[in-house]
């Protein structure tokens, strides 16, 4: 089956961010495919390149990137939610004349329409929220 | 048929009530994260007819609930969660 | 994207205190822009979004009620609210800033079964 | 004497109950943000004896609650909030 | 910082689902390290933090119960729980991983009056 | 009177972040002083230099900085909460070999002890939480 996930919770603040990752791993292990993981609301913090959890806590942005590389997932971050909360790629940083950018490699900023598109082309859309 | 996931404790009574009233016969309720507290024998769920409830095993263990579960509620692992998604036409997250 | 799916957006939170209500609304609007049929269901404190005369200038937020009023212009006219949630909050359809259909428990379960994708906020 | 602020709606019944049981005579309850919904006449607060309730005016206006407030609940502005903090020995935030 | 104040940390959330419980605990520990007298009061779902046999390895989190057990070593031994919250969750003091005093409504209001600073999570 | 504030909610996600700022302004307007604003939990996102809200939404990190400059407030961000969530100053970015830093000017990272200290030296400590 084709799955897509909506992540609507931030790592370290709500368990839902970690639950989403565990679900994705289980999904792929069973031979399903994941079309897209869409990060929305506070979930966008899961795409931070600067997140530096203690050694005994998982680094979810790193893990998502690795999973995406291995399995060809699409990691899309809602651009409106991310920009207002301070997660920018190089383009947005340039556009708004900000001193740096912090979107983790392997993620891309795009519109909310990518959530709609994911729901259309996937057999199942699962939300992990807080 | 719908899979309902719920990740808040029973004290969020309005959420649990909305979830249960949205269930039709044949639906399944999967308790995850803090929703695992809803699986306790001491706070029995008022499930509508034909609705099964299960709970994510890792969340039960994390919270020390292993000896407190209601007998009718099955524990599932992450693979079981994925399978439940496949077995139902849609998934609603209550949070 | 030739396929069409029936979307249901469930909105359970009150406006302004958190971004849930705004995000639900943006999701519904975007879905409509992508030419998918979309319904909205207001449950629990989500029905407070429907109250008239919201004036959020003093808290530095945009008027959510004004955006809600515009839903029919985006062809989002399948708007539903939980009758119990309305009644227990002493809200009637006359208190609402746009027309909504009130649904009881059975009708809510039925509504869900007629949609392909359910996104809740 | 304690100032209690509360920023969640009445559906968070456990929070409101904990707040009210923590009040002593002479305390004040200030409803802010989504707590403004607790100031409605249709959902009367069960205030302990000697406890006054007020609500932040900007939050009332934002939510369209101006005509729905319980008569005994006074509206205060931001300056009033600050003054209430000064008038009480400690502040507890219920959220 | 020669002054001493009596701190009360109120912890109302269950462990693991969100970071509130962990943050409350870190606040209490830090306050003790700064040699201020600190009490902790567990209300509502916060009493679930006290449950024995927590095994959060499967959800990639640290054992909050283990940290709680260490509170007396940091001279945080004024630990209180709401008796109603315990009872309605079918929890007794024997189910708890460390000794707590149960307080009824009057005692909770009294406890608050005897503290200078109250931080709630 | 001397106030200190604990901000435990993120801008754009919870109103409490904005309420805290409004309270601070009212506090200073009445002639009180604010010893410290301490950002903890998700509140740390209120110290992001990259936050770029739409024109019609307030930029709280900018506003806090301006308020701090004008009135001499101390804006302290819990270092443990910030680093795991991806808000870093130049030092922490260097220490963890991260490609950039994003702590807004006018804020500083420090330990949770600064919350305790603020509560001790202030007449009132007010929490704005979510």
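The first chain written gets the first letter, and so on, giving A, B, C, D, E and F; residue counts start at 1 in each chain.
Assume contacts are C-beta pairs under 8 Å (C-beta built on N, C-alpha and C of every residue); 3 or more make two chains touch, one makes a residue touch a chain.
None of the values given here were measured: they were computed from a predicted structure.
Student: Identify the chains adjacent to both subunit C and subunit E in the sense defined at the top.
Tutor: In this structure, the chains that contact subunit E and also subunit C are A, B, D, F.
Student: What is the touch distance from subunit A to subunit C, in steps?
Tutor: 1
Student: Report the chain whose CA-based centre is farthest from the CA-based centre of subunit B.
Tutor: The chain lying farthest from subunit B is F.
Student: Taking the mean of the C-alpha atoms as each chain's centre, how many Å separate subunit A from subunit E?
Tutor: Between these chains, centre-to-centre, one finds 34 Å.
Student: Would you kindly tell me how far, in whole Å, the mean C-alpha position of subunit D lies from that of subunit B?
Tutor: The mean C-alpha positions of subunit B and subunit D differ by 34 Å.
Student: Take the average of all CA coordinates in subunit D, do the same for subunit E, and state the distance between these two points in whole angstrom.
Tutor: For subunit D versus subunit E, the centre distance works out to 25 Å.
Student: Round to the nearest whole Å and give the separation of the Cα centres of subunit A and subunit D.
Tutor: The computed centroid separation for subunit A versus subunit D comes out at 38 Å.
Student: Counting only residues that touch at least 2 other chains, which ones in subunit E make the list?
Tutor: 16-19, 44-45, 59, 61, 117, 120
Student: Quick one: which residues in subunit B touch 2 or more of the other chains?
Tutor: Expected reply: 7, 11, 14, 33-34, 58, 90-91, 93, 95.
Student: What are the residue numbers in subunit A that touch two or more other chains?
Tutor: In subunit A, residues 8, 12-13, 15, 19, 22, 41, 57, 125, 127, 129-130 touch at least two other chains, as defined above.
Student: Output every touching chain pair, sorted by label.
Tutor: After working through each pair, the chains in contact turn out to be A-B, A-C, A-E, A-F, B-C, B-D, B-E, C-D, C-F, D-E, D-F, E-F.
Student: Touching residues of subunit C toward subunit B in the complex: what are they?
Tutor: Residues of subunit C touching subunit B: 10, 12, 43-45, 82, 105, 108-110, 112-113, 115-118, 120.
Student: Spell out the residues on subunit D that touch subunit F in their complex, using ranges where they run on.
Tutor: So the residues of subunit D touching subunit F come out as 5, 7, 32-34, 58, 77-79, 81-83, 85-86, 90-91, 93, 95.
Student: Considering only the defined contacts, which subunit C positions touch subunit A in the complex?
Tutor: Listed in rising order, the residues are 1, 3-5, 7, 19-20, 23, 26-27, 30-31, 33-34, 36, 117, 119-121.
Student: Could you pull out which subunit D residues touch subunit E in their complex?
Tutor: For subunit D paired with subunit E, touching residues are 2, 14-15, 18, 21-24, 89-95.
Student: Can you list the subunit F residues touching subunit C in their complex?
Tutor: Contact set of subunit F toward subunit C: 12-15, 18-19, 22, 56-58, 130.
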